[in-house]
Amino acid sequence: MIEFKNVSKWYGAFQVLDDCSTRVSKGEVVVVCGPSGSGKSTLIKCANGLEPFQKGELFFNGISVGDSKTNLPKLRAQIGMVFQHFELFPHLSVIENLTLGQMKVLGRSPDEAEKKALQLLDRVGLSVQAKKFPGQLSGGQQQRVAIARALCMDPMAMLFDEPTSALDPEMVNEVLDVMVALAGDGMTMMVVTHEMGFARKVSDRVIFMDSGKIVEDCNTDEFFGAPRSPRAQEFLSKILSH
Amino acid sequence: MNYNWNWGIFFELEPGASGSYLDYLIGGLGWTVVTAVFAWMLALVLGLVVGTLRTTGHKGIERICFAYTELFRNIPLLVQMFLWYFVLPELLPQQLGDAMKAMTPPWGSLVPAVLCLGLFMSVRVAEQVRSGIQSLPRGQQLAGLAVGLTRTQTYRYVLLPMVFRIILPPLTSEFLNTIKNTSLALTIGLMELTARARAMQEFSFQVFEAFAAATVIYLLLNLLVVLAMRKLEQRIRVPGFIGSQQQTVAGH
Amino acid sequence: MGGGFDFDVIERSWVYLFREGMSFTVTLTLLATMGGIVLGTLLALMRLSSYRTLNLIAGTYVNTMRSLPLVLVIFWFFFLVPYIGGWLVGSNQPMKVGAFASALITFTMFEAAFFCEIMRAGIQSIPKDQMAAGYALGLNYRQTMATIILPQAFRNMLPVLLTQTIILFQDTSLVYVISSTDFLGAAVKVANRDHRLVEMYTFAALIYFIICFTASLYVRRLQARISIIR
């Protein structure tokens, strides 16, 4: 579904991604982890064309993301993204946040869009908050709305950029539960996160990045059991000790 | 002190005999408001376009907008007013130039005044729009794009609605500045409020009464605009959103 | 463009424009800036003081000045200053005050309102503990303000103060309404005398532009340097 082929990216003279190659198959849940500045957020932002890259190729469902002829808005409508800081649109109510993309991009009628929105709000457990505004919700609630917003577009895959990093500890679980349920329903997911418990429970594969390179790319049991690289071992020992 | 106070002057007939001095001044207020409103509408439209363009990241466009901004910022407004009124008709092709010169007062003064003021204030509006857009978290644009909106749609549905709410207070003071700046049009013959106060002073010799009245009227107008804007702010307020910090800006 | 324009008029009147006109403008700008900053700082301190009357007086003054068109204020002072002068001296007649003096008083008093707001923001941006530290050393209010707070506030607000000065420089052109001969006034006089409005007004605009643009570039560079230091 998502295929990275030797992707490299520079910000000016600084290299952010170094020859990254990997793939996420349909229905797979892949967790991307690594220290700060390793390029993990940049990697998934390339997947839906939010970040351009200078070398290599990236394919989503067979479509080349880096090709200048590709219709990016159309492509992005098929990929859902959830951000670290939720990024709900503060001037729109929850229900309006969910229907905006449906109406403007997918061309659904207001009734259709609203129906779908309420359905998904229910799925994340927030139908009561439909008329509220993002500023009136807690962080955990906002992030669940953000997930619903992405799901409203009926995406083929979902990208998560550190979805729980900005949340207070007591709200992390409510978001992780939604993500676990989503994985259980067979959604293709690529998740950047530090939540190793989640990774262990739900992911099929783990990618470990360091300084822009993919250092480890193996299935979950192997990663937690016996990672090959010393860097990954070091990282794991630090993360898992608390 | 040799000054004859005469507060009753307002009810005496003014030399044009079309009404009392008070009517005369109120008429001036009318011209002030008309000029300010039209200039402001022009400023908003242009300023929105230029301010938004400056955030697109396109080098060529940015340079043009920078030149536009600097041009209107570094020439005194009065000089600009003279350029519009005296110089522009001479530089236009013969027919247009003659048409402009043939415009009878008050239109001959109003049109250049509105154009001059509108373009001048558009630069201020553009600055507010630009800094408003840049003050939004970058993630907002990314979130809009991630849902599949095009750049234009992202600006229209996500960025600009928030920017409008953020910049409403500074825009209010720019509108008040527009009102104050209409007084410069007296130099090209527009009989707005200050011009009429001066005329009243010349005809009636009641210097302080004339200017005191103009002062009070300007202050009341100010108050009215501020109250109206406050009401607007309350109506469009986003629940749960705390406004952004305001920076100290020089000028008036 | 082209037919019938005589740019020699600029050459001919160069000396007059700059010796009479620009010197008026520059002198007025510099003096009004200095006076405005001093008065403005005083007003800022009044607005920040805990004495309600001082607060109120300064606040009313600043808000009024900022709500009125400069043209109107120029007219006010043009007519008012002679009367006040006469009253101060104790005579029956209004005192004769020249255009420059009237303009100087006007601009100082008017721009002080704007300098006040700038200095007020500057003073408020200094952490409160700076005052506390001064008091802890045993300094009184006046000493702490003068030696600790104001110097810092002034340095922080320097770019904004300079920008306001550039605006003041442009504002001086308004003395036109009381028929004073500043740079613009001189250009107008030459334009009317030689019937060369296009050339003279364009020239005046060009000179103003060059001066203000150069000054604003300098201020921008200064601002970049100051923000690095912080």
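By written order: A, B and C. Residues from 1 in each chain.
Criterion: contacts are C-beta pairs under 8 Å (C-beta built on N, C-alpha and C of every residue); 3 or more make two chains touch, one makes a residue touch a chain.
This one's a predicted model, so the numbers in the text were calculated from it and none came from an experiment.
Chain contact topology: the protein chains form an open path, each linked only to its neighbours in the line. The innermost chain, defined by the distance from its C-alpha mean to the mean of all protein C-alpha atoms, is B. Ranked by C-beta contact pairs, the top pair of chains is B-C.
Separating the centre of chain B from that of chain C, both taken as means of CA atoms, is a distance of 22 Å.
Separation between the centroids of chain A and chain C, computed from CA atoms only, is 56 Å. If each chain is reduced to the centroid of its CA atoms, chain A and chain B end up 47 Å from each other. Taken in their complex, chain B has these residues touching chain C: 1-3, 70-71, 73-80, 82-83, 86-87, 90-91, 176, 180-184, 186-187, 194, 197-198, 201, 207-208, 211, 214-215, 218-219, 222, 248-252. Those residues of chain B that touch chain A in the complex are listed here as 137, 139-140, 142-150, 153, 157-158, 161-162, 165, 238-242. Residue ranges of chain C in contact with chain B, taken from their complex: 1, 64, 66-72, 75-76, 79-80, 83, 86-87, 92-94, 114, 117-118, 121-122, 157, 160-161, 163-164, 167, 170-171, 173-174, 176-177, 184, 188, 197-198, 201-202, 204-205, 208-209, 212-213, 216.
For chain A in complex with chain B, the residues that touch the partner chain are 45, 48, 50, 72-81, 83-85, 87-91, 100-101, 104-106, 132-137, 149-150, 153.
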